[in-house]
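Structure, as structure tokens:
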Amino acid sequence: METATAKNTIWPDVELIRNEFPILQQTVNGNPLVYLDNGATTQKPVQVIRAMQEYYTGYNSNVHRGVHTLSQKATSAYEAARHQVAAYIGAHHHEVVFTKGTTDAINLVAAGFRRAFLHEGDEVIISGMEHHSNIVPWQLACEEKKAHLKVIPVTDQGELDMDTFAAMLNPRVKIVSVAWVSNTLGTINPVKDIIAMAHAKGIPVLLDAAQAAAHTPIKVHELDVDFLALSAHKVYGPTGIGILYGKESWLQQLPPYQGGGDMIKHVTFEKTTYAEPPLKFEAGTPAICEAIGFGAAVAYVTQLGIHKIQAYEHQLTEYAVAQLKTIPELRLIGESRHRAGAISFLIGQHHPSDVGVLLDQQGIAVRTGHHCTQPLMDRFECPGTVRASLALYNTTADIDRLVAGVQKAVTLLG
Amino acid sequence: METATAKNTIWPDVELIRNEFPILQQTVNGNPLVYLDNGATTQKPVQVIRAMQEYYTGYNSNVHRGVHTLSQKATSAYEAARHQVAAYIGAHHHEVVFTKGTTDAINLVAAGFRRAFLHEGDEVIISGMEHHSNIVPWQLACEEKKAHLKVIPVTDQGELDMDTFAAMLNPRVKIVSVAWVSNTLGTINPVKDIIAMAHAKGIPVLLDAAQAAAHTPIKVHELDVDFLALSAHKVYGPTGIGILYGKESWLQQLPPYQGGGDMIKHVTFEKTTYAEPPLKFEAGTPAICEAIGFGAAVAYVTQLGIHKIQAYEHQLTEYAVAQLKTIPELRLIGESRHRAGAISFLIGQHHPSDVGVLLDQQGIAVRTGHHCTQPLMDRFECPGTVRASLALYNTTADIDRLVAGVQKAVTLLG
Amino acid sequence: MTIKEQQDNIIADFEVFGDWMEKYEYIIQLGKDLPLIDPTYKTDDNLIRGCQSKVWLHAEMQGDKLVFTADSDAVITKGLVALMIQVLSHQAPKDIANADIYFIDAIGLTSHLSPTRSNGLLSMLKQIKLYAIGYQAKSVQQN
Amino acid sequence: MTIKEQQDNIIADFEVFGDWMEKYEYIIQLGKDLPLIDPTYKTDDNLIRGCQSKVWLHAEMQGDKLVFTADSDAVITKGLVALMIQVLSHQAPKDIANADIYFIDAIGLTSHLSPTRSNGLLSMLKQIKLYAIGYQAKSVQQN
């Protein structure tokens, strides 16, 4: 514990922050909870929980179109949340479409490309470390249009093979869609280079920022990225909401995705005209309370400071990797030089789920399995990994508990 | 007030119920809130708000695939909610797909039909009183496949012209998609007849039950309906969630909608196989907290008794219609013999929004405008209506306030 | 009168009202009085479509002043349109372009100008400013 | 021994354990001891795919008893599979089909049988019952 405390130079008040997360104040199987499954979903601070409760107890109402007071309040709060999230990623508010989450956002773009831009023989580039949510939508689109899905290979270290990527760019490629940060390996991909290389050939880029959003400052205009998708629930916000960022010109060109209320300008049975983006892509009653909760979440993160969080988590990740490496039987899956969030490993020949069950018995929550990246598991020839993934409220003490927990598991598994 | 109190024979304890809705205990513009915008969205009882808060403070975690305790709890609660909602509509749990709402559910079916079942020259039947959410998805699908959208006419009373409907059924029709209850007119459509007539020709039927779900018992198996869509936020549940009910055989046939995590069985870059329904249609992290809140909402309604609610609301609707008719300048839009929920009207030549603004000044929340049914407004040649829509917590006192409020608006508008 | 004086006048007028009813009675009266826009100007080009009500706005230069006529299909919107025109019509484009519109707030009708109200009023104000900036640019070019 | 006796035996065995570690040590040991399924039976047909771990299950009649062999790629799952087989193998199809499996609950491992665990154990139990019902039907037909 000496070293542990000594390590935290950046964020001495992390215990105060932990107090803002009610869920962390519990025991699981008789031990204080160590929550290291943040890659799957993060916990929510009271600020977020309270914002949502205030909505339902104070001004719940459907948005847009209403003249009455509650409807005005709800609409203002919903649109204010859009501004907050836009500010968080350095976008204009009208470039931010509220979606159900990252998966919904990627599907929106894939469906639009299917409808408007993909033709037989065209290509879509993804990478070998993508989450199923950035694979299957493109498979569905390509299948329908007889287009081809091309995959950037992953090196043994768990990085993208950028030379091969360079060679893959050709005029048939209609879009490049890759993860900013790998949910399984923790690899931070060189997204600036990827964007520059694709743009040099006139190809747009979508970034799956699901695993970047809680760990890295995002500046979409600086990045010059064309589309970016993320989920609130992985940034301390509620389930059921996320965003698609799209450059204005792209949102104008992209055909509407879902039809329904709110996304129209005028409807007749003969002809319907659509609202301007972002509303053009927000059919039906939106996830109002969730948007407001999302706004509160990015406000929370902004107030703590994403740069500070990044520095703290970087320190914590280095500590975790170093400590885990002291376990002789442990093998890291993914050893990128640039990493954030997730740390995947295997213990000797032990099945990840056995390790997960024994950690859970000790109150330590990690994720085991393929992490929705089955092709990547095939690449590394393992049935899955044990994944510890960090958030701003984790501490070196959590890491120590993890390491001790793994050691105990190793002993038990023999 | 004498008559008002005397009227409520079914539900003498409505005041106790009102106490369960924190949002109703407020004043708006100096007057106790009268909330009559339930067609847009209903308010939430403490039971629902609490269930969601318990989730975030107690066991928030991503569902499926996790071995740790929180993930198990979250998964159990999420799947229990599916069972609760299934029971509410008389379905098997594996026939219930969680969606973002009604709009999302209808788009899911429309996109599936577009992909798998609609061909050039085919027809889709909707009705003249549909919400944009049951118009635009079919327009998008028909446009892409050069299929035709056919519209059941609406009578002057605001009912479906069933003779014309009968004549419209022919082998080119691939699906009939109609509202159970009109959100603008309050008309309850003869859905049993519609289903029987369509099935006689082998045509499946989708019911948009958005406005039925809070007012009418739903028994999908008895109805023998093929698809049914509804939104939680209109049934005392949270925003951001709803369901698609689909007959098992249809859910098997329908191609997947969105691609992503959770909806797959196995992914390789060459070939992906899909999970069984309902998971096949639930790509990405679901709206977990919202599903749990939805479960709590139907539990709440079930405990009060949907038949009792229906009887109470029926009485209240009759009272409201009778009282509104005492206003000389008032003209009802929609005078179906079977009605629930919404009551639309116009006052002389006054613009609906003027009436809405003056009611809001008196603390009375109604909706004004086209209610996302622009073609229906064209049909009745009005720019919109004033719509009062009822819920289980409304009282005859609310109606009296509405009537007095309209009278004051009439005086002011001159 | 300057734009500022016009606004201060309106604020003073509204101070005498005892309650919201008197206020709205006055606005409604204004809505009824507003000289209708010349029907030939009630075109789709001049239409500002709010979700709730429609506003038509026509602008033309008379001498060095910009003159607005307008209409709405909703009388309360029309009354507010009338106030807006009282303040901003017959003013120099430069002054309109630079005007700080504070009277709506001051008379307690902020919500009518909120972007969420969708009665077309905010869009109308934007359009008025756009016209003013346009005519200002033109007059600069011509000088 | 009957299925009930088998279960009660296991429950008695588990009562001696002081903490979860002793319990899991025992399960892990069982997992290691389980005679592996004949490799020729480790086919895709016999595979029960959980999201986390895989279970292979083979069934065959020996006389009037139904005999199961099984395996899993995760040792804790395999240990639990071993317990399940200890209880349900070498029993009459009819008894298996009607069996009430309560020992998992009683030894405090309920969560491993939950439908959300996706370790294949619940599917395995279902599959065991299906085999039993199938063979029961067959034997009824043959009589």
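Quick notes
A, B, C and D are the chain letters, set down in written order, and residue numbers restart from 1 in every chain.
Methods note: a residue touches a chain if its C-beta (ideal position, glycine included) is under 8 Å from a C-beta of that chain, and two chains touch if they have at least 3 such contacts.
Since the model is a prediction, treat every value here as computed from it, not as a measurement.
In this assembly, the chain whose C-alpha centre lies farthest from subunit B is D. Between the interfaces A-D and A-C, more contacting C-beta pairs are found at A-D. For the pair subunit A and subunit B, the distance between C-alpha centroids works out to 31 Å.
If you average the CA atoms of subunit A and of subunit D, the two centres end up 39 Å from each other.
Averaged C-alpha coordinates put the centre of subunit C at 79 Å from the centre of subunit D.
Rounded to whole angstrom, the centroid-to-centroid distance between subunit A and subunit C, based on C-alpha atoms, equals 46 Å.
Residue positions 51-52, 119 of subunit C are each in touch with at least two other chains. Across the assembly, subunit A contributes residues 29, 65, 67, 69, 71, 353, 356-357, 368-369 that each touch 2 or more other chains.
Inter-chain contacts, as defined above, occur between A-B, A-C, A-D, B-C, B-D.
Across the complex, subunit D meets subunit B through its residues 49, 51-52, 111, 114-119. Residues 20-21, 24-25, 28, 32, 51-54, 73-77, 112, 119 of subunit D are the ones touching subunit A in the complex. By the touch criterion stated above, subunit A contacts subunit C in their complex at residues 63-65, 67, 69, 71-72, 75-76, 79, 265.
Those residues of subunit B whose C-beta lies close enough to touch subunit C in the complex are 29, 350-354, 356-358, 361, 368-370, 383-384, 408, 412-414.
Of all residues in subunit A, those touching subunit B in their complex are 22-23, 26, 28-29, 33, 35, 37, 40-41, 43-44, 48-49, 52-53, 56-62, 65-71, 100-104, 106-107, 110-111, 115, 131-133, 135-140, 144, 149, 151, 231, 233, 238-241, 256, 258-264, 266-269, 272, 283-290, 353, 356-357, 359-360, 364-369, 372, 374-375, 378.
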